[in-house]
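Every chain is named by a letter (A, B and C) in the order it is written, and numbering of its residues begins at 1.
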Amino acid sequence: MTQGGVSRFWREIPQRYNLIGNQCEVCETLFFPPRESCPTCRRKSVGKMKNKKLSGKGKIITYSIVHVAPEQFKGQAPYPIAIIELDEGPRLTSQIVECDLNDIKIGMRVEATFRKIQEEGYIGAIYYGYKFKPAKV
Amino acid sequence: MRDVSVIGIGLTKFGELWDKSFRQLISEAGAKAIIDSGIIGKEIDALYVGSMSAGRFVGQEHVGALVADASGFSHLHIPAIRVESACASGGLAIRQAYLSVASGMNDIVVVGGVEKMTDVYGEEATNILATASDQEWEAFFGATFPSLYAMIAARHMHEYGTTREQLAQVAVKNHSNGALNPNAQFQKPINIETVLKSSMVADPLTLMDCSPVSDGAAALVLCAADKAKNYKDKPIKIIGSGQASDTLALHARNKICTFESTLYAAKMAYKQAKLEPKDIDLAEVHDCFTIAEILAIEDLGFVEKGEGGKAIKNKITTIDGQIPINTSGGLKAKGHPVGATGVGQIAEIVEQLRGDAGKRQVKDAKIGLAHNIGGSGASCTVHILEAM
Amino acid sequence: MSEEKIDIFIYSVFLPNICDLNMKNIGVVSYGAYIPSCRIKTEEIAKAWGKDPETIIKGLGVIEKSVPFLDQDVATISVEAARAALNRISIDSQDIGAIYVGSESHPYAVKPTGTIVGEAIGATPYLKVADYEFACKAGTAAIQTCMALVKSNMVKYGMAIGADTSQAAPGDALEYAASAGGAAFIIGSENIIAEINETCSYTTDTPDFWRREGRKYPAHGGRFTGAPAYFRHIMGSATNLMNCMGVKPQDYNYAIFHQPNGKFPLKVAQMLGFTKEQVKQGLLCPLIGNTYSGASMLGLASVLDVAKPNERIFVTSYGSGAGSDSFDITVTDEIKNFNKTKAPLVSQLIEKKQYIDYATYAKFRDLLYWE
């Protein structure tokens, strides 16, 4: 049976597996996820955006413990979701794992790890990607 | 650009309206607005309607044509435009309608907002609301819509010392206002204990920190200001209109605790109106979550950044305060049928400026402001109105 | 079990010794391990089913086992182990020419785990990949394949992974030991830290434990899994290897055997003439359970974590169905330059733990059916 929607998430495997962002060659700003052009340099940056793998290391800017979760995440609730600022500058939103809920703090150092993000029931595809765990300081 | 006035308003009750369909809601609100305005149907030049996600809530797109039809105007073959900006769909529909009259293109326009959220089951409604956030980079990874505002609250608490009790006070105040509003979804006052003890949705926001899922519709009739007196003795003029956008994902913003979309939309509106925050007598702001009201009053310039949590205790934003906020009950108590909210806010301001707000009436209300936000702050509209 | 004499004499008496020989300069370049941090105690499972914990612990020799979180599976465990292996050396992941992931709980029945690992470590697209299945010895079979590819110069490095998050039917005896974990080995011929001197296998069609296509839980032959299965094949492969190499158990510093419980490996070691001391370092089952395809691989990783140059290691895995792979390994001087601290040691992974109760375990292991 056909299962649609896979291409939408397959396209982003380099981002989800390896945190591949890109960099404007003109002003050297880093972006994650990658952008088609740099908002500052605009037309000067077209064709000058270079793929760049980010380190996956960063710190928590803010977080919340999600108690009421959507279907795909139900079994995991309560789980922490956070906005993380990577050392290279870009920020992203991701779950925190391997950490007691009471031990999460704003400012905490974290690093990326590879986990299952969601799956389409028992029949559909499985999507893997980044979550963040406490970094050894 | 010429001036534009509001000459008619109409609202349905907001709430879980099981026996009213999407079409019934919008035609009810539209009819009330048209009757209130004194115009006749043939005078309507165009119809604007704000609806966030009719496609997913009721499986229906092509909403402009649908609303014209449901309202009985298809035989006039007027232009009908559906506008979408997530939770700011109503505010944006008003702005688009306003611009079409101000530009001279239309003389009389009806603008409505509608959402029918209870035809899907609760969890599906939550999923649909999440389409206001970044589906690829926020929702996909497990960020629910409330969790985005919860993260804003956590950061606001971290940076400014705002407390959970201060968040709860917003809910208490708005419920107490809503109890005075016959159209509000919730008409019973609540206390702080209730808010703090209700079930956790996304820390630190509990169920009572969140606006409800609602059905409802609201509509206005806009008219070129120089013709308005033909219909209404006391037309209410739109003296400022602003709109702004920002990054879709919360994590991509310049600041977590400031909605720059509010700053810029408000700046545009204040500039046009030639006014400052202190000139505003009352405001309807977008309190989809309690923290959102705190952010709004800071970003609109009513209080200093970081001081929003204290506004209720210091009697600044209470109904008897310096600048009453959300006398209608806000999204929290009045309800939040997404597309209707922005239009409902203006309807409340108009009632207040006309002196028709009954028990909620703010004394000497002359200038009012309506603030409508989309998603976690990716879009914003601000309108300022003045009693003529 | 420990009192019985296991008679496998009737199976192996007339077979000549056969080895491949000709292995030279092929071995382990790096390795990495991963064990999920959740644990459930044997006594917790026993209580859920109304059994006496003491009896079970005494009989199985398993005190607690590892449990994967809801968002962990063989793909995530394999990626963690693979990345750990790569963190310890500096090679270009593009030089990895093949990845084989052995498991009996691959996330997909059709769609390889190996490609997910390949993308996650940046080894794609010029890469040979396949997933392996041979019950608990799929990982060691992958090592043999990588050895052959390296020996024939078809690849510069090959990566063999054994990982599992195996399911056991609720209330079944297997539930006490079926756990989660995995290890990755990079096989090559440069900068080898542990040279594989020889390998051989012993394979027959013996249905001791199996899982039919489309079914969720395995079935097994009860006591049949002992003498005709586990013991016959380990003994067959181990004695074959030692006879070919002309060595005795005393020639080894360490011995690692497949560990479905805490008792069988000690018994087979004794039968072959190995001591408890030799087996100790590679015996992880009592604290993490049976990681199936990861078991012998994690045992070897645990030994390499402490091994010194010139020490000799004996490994015999076992996979139901049935077969055993044996390896004769000598640690090289190169291990002194090996950056093992760049990734968690097996002992560190074992120590990092948090306990869950049976209800949480049932939720994590998808024992509850939810629409």
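Assume contacts are C-beta pairs under 8 Å (C-beta built on N, C-alpha and C of every residue); 3 or more make two chains touch, one makes a residue touch a chain.
All values reported here derive from a predicted model rather than from experimental measurement.
With respect to chain B, maximal separation of chain centres occurs for C (centres as means of Cα atoms).
The most central chain, judged by the distance from its Cα centroid to the centroid of all protein Cα atoms shown, is A. Between chain A and chain B, the centres computed from C-alpha atoms are 32 Å apart.
Rounded to whole angstrom units, the spacing between the C-alpha centres of chain B and chain C is 61. Counting partner chains per residue, chain A has residues 76, 95, 117, 131 touching two or more of them.
In chain C, no residue reaches two or more other chains under the touch definition.
Interface residues of chain C facing chain A in the complex, by the touch rule stated above, are 37, 69-73, 75-76, 79-80, 83, 107-108, 116, 119-120, 122, 363-364.
Listing the residues of chain A that touch chain C in their complex gives 13-14, 17-18, 75-76, 95, 97-98, 113-117, 126, 128, 131.
Remark: chain A residues 9, 12, 33, 61-71, 73, 76, 78-79, 81-84, 91-95, 106, 117-118, 127, 129, 131 touch chain B in the complex. Looking at the complex, you find that chain B touches chain A at residues 123, 126-127, 130, 134, 136-144, 146-147, 150-155, 158, 199-205, 249-252, 256.
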